[in-house]
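Next, two complexes with chain A in common: one pairs it with chain B, the other with chain C.
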Partner chain A sequence: MIDVLIIGGGIAGIQAACSLQDLGLETVIVEKEKTIGGHLNDWDTLFPTFRSASEVIDYYTEETRKRALTIYLNTNVISIKKVDEGVFEVQTSRDVLFRSKSVVLASGYQLFNAERKEEYGYKIYDNVLTSADLEKKFRRLNGQPFKTPTDKTPKRIGFIHCVGSRDEKSGNHYCSKLCCVTAVKQAIHMKQVCPEADVFCCYMDLRMYGPGFEEMYREAQEKYHVQFIRGRLSEVSENSDGTLQLKVEDTLAARPCRIQADMLVLMVGMEASKNTALFKQSCNLECASNRFVKPNDHHIGSNQTNVPGLFTAGTSIGPMSVFDTVNHAKSVAFAVNEYLKNSEL
Partner chain B sequence: MRNFGFATTKSRTVDYSKIDTRLIGYILENEPTFNACLSCGSCTAICSAGNLTNFNIRKLSLLIRLGELEKIHTEIDKCMLCGKCLLECPRGINTRNVIMLIKKGLTIFDIKDQE
Partner chain C sequence: MDYVAELEKDVRFQEALHSCLNCGVCSAICPAAEFYNYDPRMIVTTVQRRNNEEIEQLLKSNTIWYCGQCMSCKTRCPRGNTAGMIIQALRLLSQKCGFFTESEKGRQQYGLKKTIGESILKYGYCVHPILVKPELHPEQGVIWEWVHKNMDAVYDRLGANLYKDGAGAMRKIHQKNLDELAEIFKVTGGEDFYDLIEKESQKKAEEMNMSTAEDNNEYLMHVLTYNSNEHQE
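Up next is the complex of A and B:
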């Protein structure tokens, strides 16, 4: 029987496995995709330093190799069951049943499907992208001039905050907390690749909560002249030439506005992954009203869940940045270690 | 009062301890969701009446919160009750009911426009 089974091979899962292995525990990682790194594989640069995301993946690939971690790729978890004597039985799509003394849920998040916000025109109008699409575009750029999906040099680009966040109508009442700073980062990046273009952000509130975030926001204003418009987008329509027409109220001017743009970027929020609901069913795991796993103690036990022996690392408990994820994954090692020492297994 | 030959203007400062809360109190009592407004302005951006007139429902709700009721009557009559704001509100506020309550409240408290 293994000590810890880790579900998810993103940075949370890998970091948790590294820390647990360093404490002398036997770990196995189960990952549904064909590579490790999770969502980070789709990202170009990270806030607030513009560090390349692949650098972080390379670091974890090397750490994985050094420790010879056991990872099962292309493996889906079907159910987690806590059987008698506190042993977990985890059924996977490979017809392998893992038995472990503890489980770490590092199954992450999924991005909001922007098609659900039909009035914003994603997948209806060519020049409407999501923040994730833009990162992929940046990744493929390789020094080439930036073009819109309809192959034009953009003159006006808009970033729309809170798409699928703080929005009862899309079922997500909570703040995704990272989209604000991601929008600022992408707006700066956009100005770097298209210095002639006007870039604006439509926001409800700007939540620059982390170290270096406010500085980035100020840089976007001062150095890059990104325009910040306080108002939530209501709807988008397309002109005959493929440009977009936005309807927003500039709430500070207290006037409804029409804005023309060549390209629109929707800042999609983070949602609990579908698997979280699946795990919830199979082992009576408690989730919060935002559908993410509910930490057993919000302040001093955020790695623990209501099920003893079942722990979380990273965004399975809510939206989290890369550095918060890494820290949360490091702390889970201590929580698991303490649990295994005190349990009678 | 003695005429000094010049006039002073009334203070523009909002005194939060002296706000006329009759109308806002009535609305919140009957439509508590109105408490959740973020002032994001999506109601105003989508507003059919706001596209044709200077009607601004978000600004109006702020004025009501501040008890500045001098021009509410004429303004609220510009609303066509189309309900697009209801579909749009990210906080799920029943905006149409809010407007109906404003109209009712103006009658109940006999609030009329002032010049």
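Up next is the complex of A and C:
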């Protein structure tokens, strides 16, 4: 029987495995994709330093190799069952039943599907992208000039905050907290690749909560002249030339406006991954009203769940930055260690 | 009067105001905001402040009468508020308090009561060709003037049964149905509501030195045709 089964081979899962190994525990990671690293694989650079995301993945790939971590790739978890004596039985798509003393859910999040916000025109108008699409575009750029999806050099680019966040209409009342700083980062990046373009952000509140975030916002304004318009986008339509027309109120001026743009970037929020609901069903795991796993104690036990022996690392409990995810994954090692020390298994 | 308490009794107000985060999607989509100097978000934040004096000002202002009740705001609000429904509650309170006569747009309530409001009881139609009088609708132009003058022949030719007994488009509504409609208005408070609009408007007409006589209703003509042209500034 293994000590800890870790579900998810993103940075949370790998970091948790590293820290657990340091404490002398045996781990197995199951990952549904064919590589480790999760969403980070799709990202170009990380706030607030513009460090390349692949550097972080390279670090964890190297750790995985050095430490000889056991990882099952291309493996989906079908169910997690806690059997009588407190042992977890985890059924996977590989027809392997894992038996473990504890489980760490490092199964992450999924991005909001912007098509659900139909009035924003994603997948209807060519020049509407999501923040994730833009990262992929940046990754592929390799020093080439930046072009819109309709192959034009953009003169006006808008970033739309809170897409699928703080919005009852999308079923997500919570704040995804990272989209604000991501928008600021991407707006700066946009100005770097298209210095001639006007770049603006439509926001409701700017949540620059982390170290270096506010400084970055200031730099975006002072050095890059990114405009910040306080108003939530109401509707987008397409002009005959493929450019876009935005309806938004400049709430600080109390005037409804129509803004023209060549390209629009929707800052999609983070949602609980579909698998979270699946795990919830199979082992009576308690989730919060935002559908993420509910921490057993918000302040001093955020790695614990309502099921003893079942722990969380990273964004399975809510939106988190890379920085927060890594720390949360480190702390889960101590929580698991303490649990196993006191367990009869 | 405690206007906040009054508003809170209105089920539409209870349903329509949760909490506003001032994002502006309602104003950005609002057709009236595009046309008038008007911002539905500001109405919501004003009532959200629960300041009695500010609400009284609102009840006496043109502001609450600009909304066209299209309810586009309802489709967008990320907090599930409905500015248009808050406005319904404010309008009713403004009518109840007699504050509607304090503003140009509010005074038009009298015009609505006199035209659509009375027509439905008298004819069974809110709007019927015989009621669209050219002098009240200059925007209809000379063609309508001509149609109105030759109404029987025109509508006959078009196959209607204009205000006559029997079946067909624009027929006369039977007295039995009209009585029933009047009864509904009585039981549901519609009649009292009309009386209230009438009473408050009479008061205002006197104050403005205008006649409301059946054959020379200066006040009615005033509310229907006057435009200060101050609504877009």
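As a working rule, the second predicted complex is superposed on the first by the 345 of 345 C-alpha atoms of A that agree within 3 Å, B and C clash if a C-alpha of one lies under 4 Å from a C-alpha of the other, contacts with A are read in each partner's own complex, and residues count from 1 in each chain.
The rule we apply is simple: contacts are C-beta pairs under 8 Å (C-beta built on N, C-alpha and C of every residue); 3 or more make two chains touch, one makes a residue touch a chain.
None of these values were measured; they are calculated from a predicted model.
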item	value
Combined model on chain A where chain B meets chain C, clash or fit	clash
Touching partner for A:Asp133 - first (chain B), second (chain C), both, neither	neither
Chain B versus chain C as contact partner of A:Glu238, first or second or both or neither	neither
Which of chain B and chain C A:Asp324 touches, first, second, both or neither	neither
Touched partner set for A:Glu26, first chain B, second chain C, both or neither	neither
Touched partner set for A:Val248, first chain B, second chain C, both or neither	both
Common interface residues of chain A - those touching chain B in one complex and chain C in the other	162, 166-169, 204, 230-235, 247-251, 254-257
Touching residues on chain A, where the partner in the complex is chain C	119, 162, 166-169, 204, 230-235, 247-251, 254-257
In the complex with chain A, residue positions of chain C that touch it	21-30, 33-34, 39, 41-42, 76-80
Residues of chain A touching chain B in the complex	162, 166-169, 204-205, 230-235, 247-251, 254-257
Residue numbers on chain B that touch chain A, as the complex places them	38-47, 50-51, 56, 58-59, 87-92
